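Several structures are given next for inspection.
Look at the two complexes coming up: chain A is in both, with chain B in one and chain C in the other.
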Partner chain A sequence: MRSSLLLASLLASPFLLGAGPGVERPIPAGSYLPFYPARAPLGKAQPEAPRKAVAVGAFRLDVRPVTNREYLAFVKANPEWRRSEIGRVFADGSYLKHWRADLSLRSRAEGDKPVTRVSWFAAAAYCRARGKELPTTDQWEYALDDGGHRAERMKDEILAWYSRPNDKVLEAVGRKPANGYGIQDLHALIWEWTLDFNSEMSGSEARSDGTKDENLFCGAGSLNARDPSDYAKFMRYQFRGSLHADYTTGNLGFRCAREETK
Partner chain B sequence: MNLNRLLTSVAACLLLLAPISASSLESRSIYRSKSLWETHAGEKTTLVRLRGAPVVATMVYTSCQMSCPLMMNDLKAIEKALPAAVRSQVRFAVFALDSANDVPAKLRDFAEKHGVDLTRWTFFHGSPASVREVAALLGVRFKELEGGGFDHSNVITILDSEGVIVHQKLGLRQNPDDTLKTLERLAARR
Partner chain C sequence: MLNPNLMTKTSIAWAVSSTILCLSAWSASDNENLERKIEGQENAILADAPNVPPPITRRHATKVIVNLEVKEVEGRLADGVRYTFWTFGGKVPGKFIRIREGDLVEFHLNNHPDNKMPHNIDLHAVTGQGGGAGASLTAPGHSSVFSFKALNPGLYVYHCATAPVAMHIANGMYGMILVEPADGLPKVDHEYYVMQGDFYTKGPNGQQGLQPFSMEKAIQERPEYVVFNGSVGALAGDGALTAKPGETVRLFVGNGGPNLTSSFHVIGEIFDQVWAEGNTSHVTQNVQTTLIPPGGAAITQFGLNVPATYILVDHALTRAFNKGALGMLKVTGPENKNIYSGKVSDEVYMPEGTNIRVTEQAAKAAPSAKTKIERVERGKNVFTANCMACHQGNGQGIPNAFPPLAASDFLNADKARAIKTVTGGLQGAVTVNGKTFNGVMPAWTLSDEEIANVLTYIYNSWGNSGKEVTPADVKANRAAKSKSAAGAQE
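Take a look at the complex of A and B:
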């Protein structure tokens, strides 16, 4: 098992279809400019620059999003996460609605598609069962940023995807070229849960000082953003800010990550 | 239709026969969470310990200078405004956002500083994963800030005796009337 995984990760070069379930790639430490503003606690000096680079430590990230087939194996082993068993507090009524039944997919082809209609609780439990965790928002955005590699082209691709209506039929994972870190499908297939999706305050949230942070909202607000042209990042920021942990939708899935073992 | 009704009543009978256990908790109960906690008294526990009484729940951190004292004042005002017969039934659960610093001893100091009655109030310390899970269950958004402290939403949640969220109030110094009415209704139901 271990040697086949090792073999698979050796073969998981960006353009090969060799990446098996849960295959990861190492992501080197570095930093990136997040969309959200830097803030210090109230009463302390606020950072001079509203946005500054965030350091991200080395970690390992799944090459691809988790598929229906992989998720099926998880619910087989963990009955409490089956569609018929799950507590409504952990996932809303459309959890895994696209499956034929508790333990069966609608077709073989579904198995290769990213699992969607999973809540944050379910996604987090899956990753924990694999000895991993959901990536943090910083890790996920940093992996997408790819050290600025092909940044302009990627921005255009992402906006083109965001502006398309949701695809009725999802593609299988791993059909598109990997980025510079060897990671696939970070965009143009599904949106993904992050561990701390709820660190992004939605517009109606009362802030710790009881005032609203005008820096963060649409229209004039987005002009204050780090890079107003980076509307794609702004959309992801707003999207995560709108989620609740029990939400499930047909275009929201996940992948797992873990700390680099020292 | 008739078959459905029959099945429903069979299911209802089975439910009545089911032993009381975590799995018999209502589907929407947050007490289904397996997250581990330690109380201010140092007792290891899970959320199920809160079962059996209406609960007022919130999340704060003890080194917080601005919003958390206001939140504590809001909770104490709710406690004070309840009729005595209701007050004696209601429990207060305060979850610490700051896993690193808000250990049980800190929580005891915090409770003492606020002069709350620890027969009704419980303060909880948990791992970052436990904090994240309860924040997700209560819909609390939070972010650890540079140089310590947290940015977080101020939410008061009312849970019924089974741990189902029945009422939430976002923001500080809100009019507590509907919160009080909810607690009175829950207490009367018991």
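Take a look at the complex of A and C:
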């Protein structure tokens, strides 16, 4: 018992792996053009183009998505987030379904793979327990844009990944080159939660309340988009829009971020 | 947005004209359908193309439960060409749904947990926000449920409407729902489901292997493939539709697009009836080609009189010949020479004054090719003029319809047989490179020289054996053939 605990804590230790879990990189402050404009407050007219660039403050972002091993350490320390303990309000029925049991993975190799089948509540709790937050959609997209370098090629690569079915087995994190900010796996591995995933135009719960007229379905989705030919972005926004905070799916994970401390 | 005043005016005009002019009374008004009483409940029977669920026999409205599963699957687009299809039910086109006007439909859209994408559904038969799309955006591993009342009878397209919608449709996310008129449709012997779609692959037509979707070609509306029922040859060979002389066939034809309008035509048939735009209240008779826009449908119906292989095409014919928009309806049974005689004679047609031109032409063609290289050059022209339409410019043929001449084992094995194929035509089952073809190649009334040239061209192209065929070979072959024919008669 003791030795397995020891092993588990060793496995969870940041010093065992090269880049280590939770390793961050600083992302410089800057601005970017969001794909969709910020929503005008209710009752106010949507501002006319040109659309405003959004300022993004300096922040630190995890180099890699959170792995099963890291998440296992988290649920060990926080029993309320275990598969058998979690309240149905906080995660749907397939939460961590791919694990062997509450506190064990199916294989060692699973440990290096990104954790998936986690709800937004769980992901947010994990980051908070690490003194961090989920990145906002602006932060996440800004980090992916990577200062605009390789923009065209990236559009292509991302689209190619999106248009393939899910891989039968997920690859481990950190196997692909980092982008210009030193961040890995932002695409071509999993989808990722963001802090404000459903505040965008496609928030699916809010859709039916009749106040959101910029529905994404059919041609209407392109009405307000920055670049209607960037299919990859549409998919990402539409994916987030299809989620509820308790949803878990086999290809959706997360990473954490935090404000740059001065 | 349409002017609402205009809308009501048109719909009033519509209602008036349809009550007065209605040819076949297949329609009820929205209001009537709103008030229809719902009795009982049943699960919808869904069918994969080219099949259609059985006609509805009940004469009351009911609650129908439809379960449709979205699956992202890799499959065959053409021989050797793979593609990642996004499907309603595992195949392209999606499952055929059949209900009756006035029915209350409880729709379950299930997004398979292994899928990567969120999806939704817009049924053109639905009156309401986004045709259901507003209520059905569904993450992988989840289900959405919504219900609607079938107010208007007709044949309707459904499709995914998740952004970027053109890509979801280009990957195969479309199908059809038939809302039967309250009194049903007239009885026929066969009902089939055919749906056209355009596909945009990174690689050019025919490029082997798994082909990713090309956003550029989609935006430029330049498809590499235009097909019926999800792949090149889906309705040919073993997949061909079948019927017998004397039977009536109804085709439910839809167009998923996303971009091209179909000029739907069946070679060798005339549609006795077309319910254009998928409406069930107005019928047109004796139609040759009917236009089906993306997101639109038509019901066509015809009686079969004589046996033949009828070819379904988009009559924008490069799509049929080069991109795959070709299907078959095989009708086997006794001939009826009163309706179609077949070829009764083959004579030289020579209106006054043309004989001179012919001899001139013959004279021009006369100097025979002196070298093999010359033969190949001239043979290429003969090929382009006579053979390319079926066997294709690259000699690859069309799967299930026209055999390949490229690297053809049939061709390379036996020169005399190849000559006989061209001089005498070929029909019945033949196996070329392991695939069986059962079509008809006409006999060619070409000169010995032309046949020698075209065959030499073929033998020296596309990985064939490099043989030369001379006019003397052809002549000898013809002589041998008539001798053996004479022998057979004795």
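Keep this in mind: the second predicted complex is superposed on the first by the 216 of 262 C-alpha atoms of A that agree within 3 Å, B and C clash if a C-alpha of one lies under 4 Å from a C-alpha of the other, contacts with A are read in each partner's own complex, and residues count from 1 in each chain.
Definition applied: contacts are C-beta pairs under 8 Å (C-beta built on N, C-alpha and C of every residue); 3 or more make two chains touch, one makes a residue touch a chain.
Not measured: the values here are computed from a predicted model.
Of the two partner chains placed by the overlay, neither chain B nor chain C lies in contact with A:Ala29. Touch criterion not met for A:Leu103: it reaches neither chain B nor chain C.
Of the two partner chains placed around the shared chain by superposition, chain B is the only one that A:Asp196 touches, whereas chain C remains out of contact.
In the superposition on chain A, A:Asn251 makes contact with chain C only, while chain B stays out of contact range.
Of the two partner chains, chain C is the only one touched by A:Tyr162; chain B is not. Once the two complexes are laid over each other on the shared chain, residue contacts for A:Ser242 go to chain C alone; chain B is not touched.
When the two complexes are superposed on chain A, the residues of chain A that touch both chain B and chain C are 202, 204, 207-208, 241, 244. For chain C in complex with chain A, the residues that touch the partner chain are 72-74, 84, 113-118, 120, 122, 129-130, 133-135, 137-142, 161-165, 167, 171, 212-213, 215, 219.
Note for the complex: chain A touches chain C at residues 92, 94, 159-160, 162-166, 202, 204, 207-208, 215-219, 221-222, 228-229, 231, 234-235, 237-239, 241-244, 247-251.
Of all the residues in chain B, the ones that touch chain A in their complex are 25, 27-30, 32-33, 64-67, 132-133, 135-137, 139-143, 145-154, 164, 170-172. Those residues of chain A lying in contact with chain B across their complex are 38-44, 47, 87-90, 120-121, 124, 195-196, 198-202, 204-210, 241, 244-245.
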